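Chain lettering (A, B, C and D) follows the sequence in which the chains are written, and residue indices restart at 1 in each chain.
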Amino acid sequence: MWAFINKLRSPKWFYAISARLQPWFWAAALILIVIGSVWGLAFAPADYQQGNSFRIIYVHVPAAFLAQSIFVSMAIAGVVFMVWKIKIADMAAAMMAPLGAAMTFIALFSGAVWGVPTWGTWWMWDARLTSMLILLFLYLGVIALRGAFTSRDSASRAASVLAMVGVINIPIIKYSVDWWYTLHQPASFTITGRAAMPLEMWAPLLIMVLGFYCFFIALTLMRTRSEILRRESNKRWVRDLAGGER
Amino acid sequence: MTGTEGSVSKEVPVVFHGEPGGGLAVAFWATLKRDLVLLLRRRSEVMNPLVFFAIVITLFPIGISPDPQLLTAIAPGLLWVAALLAALLSLDSLFRADYDDGSLEQLLLTPQPLAVLALAKVAVHWLLTGLPLALMAPLLGVMLALPAGSYGVLAVSLALGSASLSLIGAIGAALTVGLSRGGVLLSLLVLPLYIPVLIFGAGAVQAAIFGDGVMAHLAILGALLALALILAPLAIAASLRISING
Amino acid sequence: MAFESFNEFIAMGGHAPYVWAAWGVTGGLLVAVVLHARAERRLLLRNLQRRVRREERLVANQGEMAGISHQTGGNRHDT
Amino acid sequence: MSLRLQAHSLACERDDRWLFRGLDLDIRAGEIVRVEGPNGSGKTTLLKILSGQLADYEGELFWDERPMREARDDFLSNLLYMGHAPGVKAALTPLENLTWYQAMAGQPQDEASRYAALDDVGLAGFEDLPAGQLSAGQQRRVALARLVLTPRPLWVLDEPFTAIDRDGVAALERRLFDHARRGGCVLVTTHHELTPCAELRRIHLGGGGLDDGN
């Protein structure tokens, strides 16, 4: 564990190891997402209540999962950066934020589109959609705060603190929004609220979720490598690398 | 210019100090008192949020409808949202003056824990913003045709909730104090985190109108305040240290 | 297979606009994110190479100048 | 207990630029250390690190031969720091400003000593005026009154001569040398030339450079 943390201090080591890991995650992401998409779109049975509009679940739920997971990952990276002063963690956190915002947007958009055949309206103050909207604001806050500082060191620290504060608040927000929703609309049903789903329905969902996670890891590795090049461009080994890849 | 200037007795040797003993309470009260005096000398800064609160509440009947029934329905949320925005208004200046004149550095360099001293500053913000807003809210409630019997709950919920708002908001203020244009960013960072307080605060007033039990809401507001009291000062202290790094 | 024919698949039992809009936006965004990451990486590498080449030229030039005028106290970088 | 502030191979990197590297310091009682260097060479940053405000540096700091992390509270209760900004509240009177500082230093509240301190820096008669109505030099003097009010062995002063008139500069210089002679220690940055003497030491900060390491 400690050896690993110490290795993480070296961007050079990370650059090398991520180059080897990256293709596997890209391949896994591609395969899983293709299988999940074909299965979910063409082979999974239609929902007896919602018909084929239910197939939106295969993008909505993975995106919503990832949106929350990425925020938690960002906060964990923030802790790692603040406690052990590992710059790689902060670089990764900086690269995760836009993807997290994109995933939150996908979850919101697909949820809104799903709302048309289900509730007959583009927007419903559904508990899940409302928390997703708040999560989007939290993401925008972290991104804006990081962009507002002129000093990168301060930006990193401030974004880390905000991510930690946000991650403590996410469950509180989620529970209070759920509570608020049940208070105001006790009768209506949530789009993904049912537990009992046959295997043919949730197996592709599981595959899609896994595929999205692999996509997130692969993209974060790739963009963190780019960020290393950006931030360490004064270092000798980066210079040699650029010279070598001519 | 006096003739005695610089006449230091040369016999007295420099005194060393041991570990600081007490003094925390003294420093806490001194900071509290200093900030109270400072704000009371610039009374317009204390008045501004209150006037803002009143004006916003006036805008709604004009913008929507003077119908008392409609106003009764939206009054709890309206009063809470307006009070929340009014409290946000004065938040930006919470650490700004100290940052500009250098007393923030001095605050950081006392042997006393920074979190406790920051708490003193937040307490002043609540005493001169949150508490007056809570006391003023029933008056505006009359103008929004709030049913009798909910006035006490409105004031208590605002008093409890605005303390949490001050604590959470101070984190944002501490993060943005080093930025020249932190005001808008501050609202972006802080407002999503205000949502749980808003839900239970407005919920309490609504419950009072419907004659439901109010204690549950107030208890949750109290729990949120307790959590904020424990965690927020630490985040504020960490954020101030980041901001002072510039 | 949940559908009898390809046309039925496209029609999605009347829910086509919704299903395909959600999937389309998701797919489009994923692809865009990947393309952006690739473009970002290429641009960074190109800029880095340009900078390295420029500095090499600079060092080479200064080396020549030092050789001609036999100066040693120049502001040469020993990279 | 002895006054000794040490730094081993201190380095500070700001946004991929080294402000200084491999800086070794050993500051003892009875010394006046003047930190010199061109603008942007990290003088203020060094003072902030040495006064425990900045934590993002490499290398080690020792106070009283203990690592700074352990000795921090003890260090802070022996330190008097004055930054670029004087830390004087414009809406408060000089007397009220000092009241706060006295409380923050953990000293007993004592009005007579506050009057004496203001008297000493030439502010007699201005005690009850809001500091905002005083001149910039007088506001700086309010801050300087802390040197008299709060006896601390280690002074870290960032540009303390700013905005002060010639008599005031001479008096402040006397005060610094006097403090060193009494076994105190002064760490100072200034554009003003200090009169050379036995206690005075200089630290020169140059520019950083391209990093060749990993």
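Simple rule for what comes next: a residue touches a chain if its C-beta (ideal position, glycine included) is under 8 Å from a C-beta of that chain, and two chains touch if they have at least 3 such contacts.
Keep in mind that what you see is a predicted model, and the values were worked out from it rather than measured.
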Interface with the most contact pairs, given as the two chains involved: B-D
Grab the C-alpha centre of each chain and report whichever is closest to the global C-alpha centre. B
CA centroids of chain C and chain D: separation to the nearest Å works out as 48
What whole-number Å value describes the gap between the mean CA coordinates of chain B and chain C? 46
Per the C-alpha centroid definition, the whole-Å distance linking chain B and chain D comes out as 33
Among all residues of chain A, which ones touch two or more of the remaining chains? 151, 153, 233, 236
So chain C residues touching two or more other chains come to 79
Provide the list of chain D residues touching at least two other chains, using ranges where the numbers run on. 56, 210, 212
Once bound in the complex, which stretches of chain B touch chain A? 171, 175-176, 178-179, 182, 185, 188-189, 191-193, 195-196, 199-200, 203, 224, 227, 231, 235, 238-239, 242-243, 245-246
Which bits of chain D are touching chain B when the two form their complex? 1, 3, 29, 51-56, 73-74, 76-79, 81, 83-92, 96, 99-101, 103-106, 119-122, 124, 148, 151-153, 167-168, 170-172, 174-175, 178-179, 181-184
Quick one: which bits of chain A touch chain D in the complex? Just the residue numbers, please. 10, 12, 85, 151-153, 231-237
Which residues of chain C touch chain A in the complex? 1-3, 9, 12-15, 18-19, 21-23, 25-26, 29-30, 33-34, 37, 40-41, 44-45, 48-49, 51-52, 79
Residue numbers of chain B touching chain D in their complex, please. 1-2, 4-8, 10, 12-23, 26-27, 29-31, 34, 37-38, 41-42, 97, 100-103, 105-112, 241, 244-245
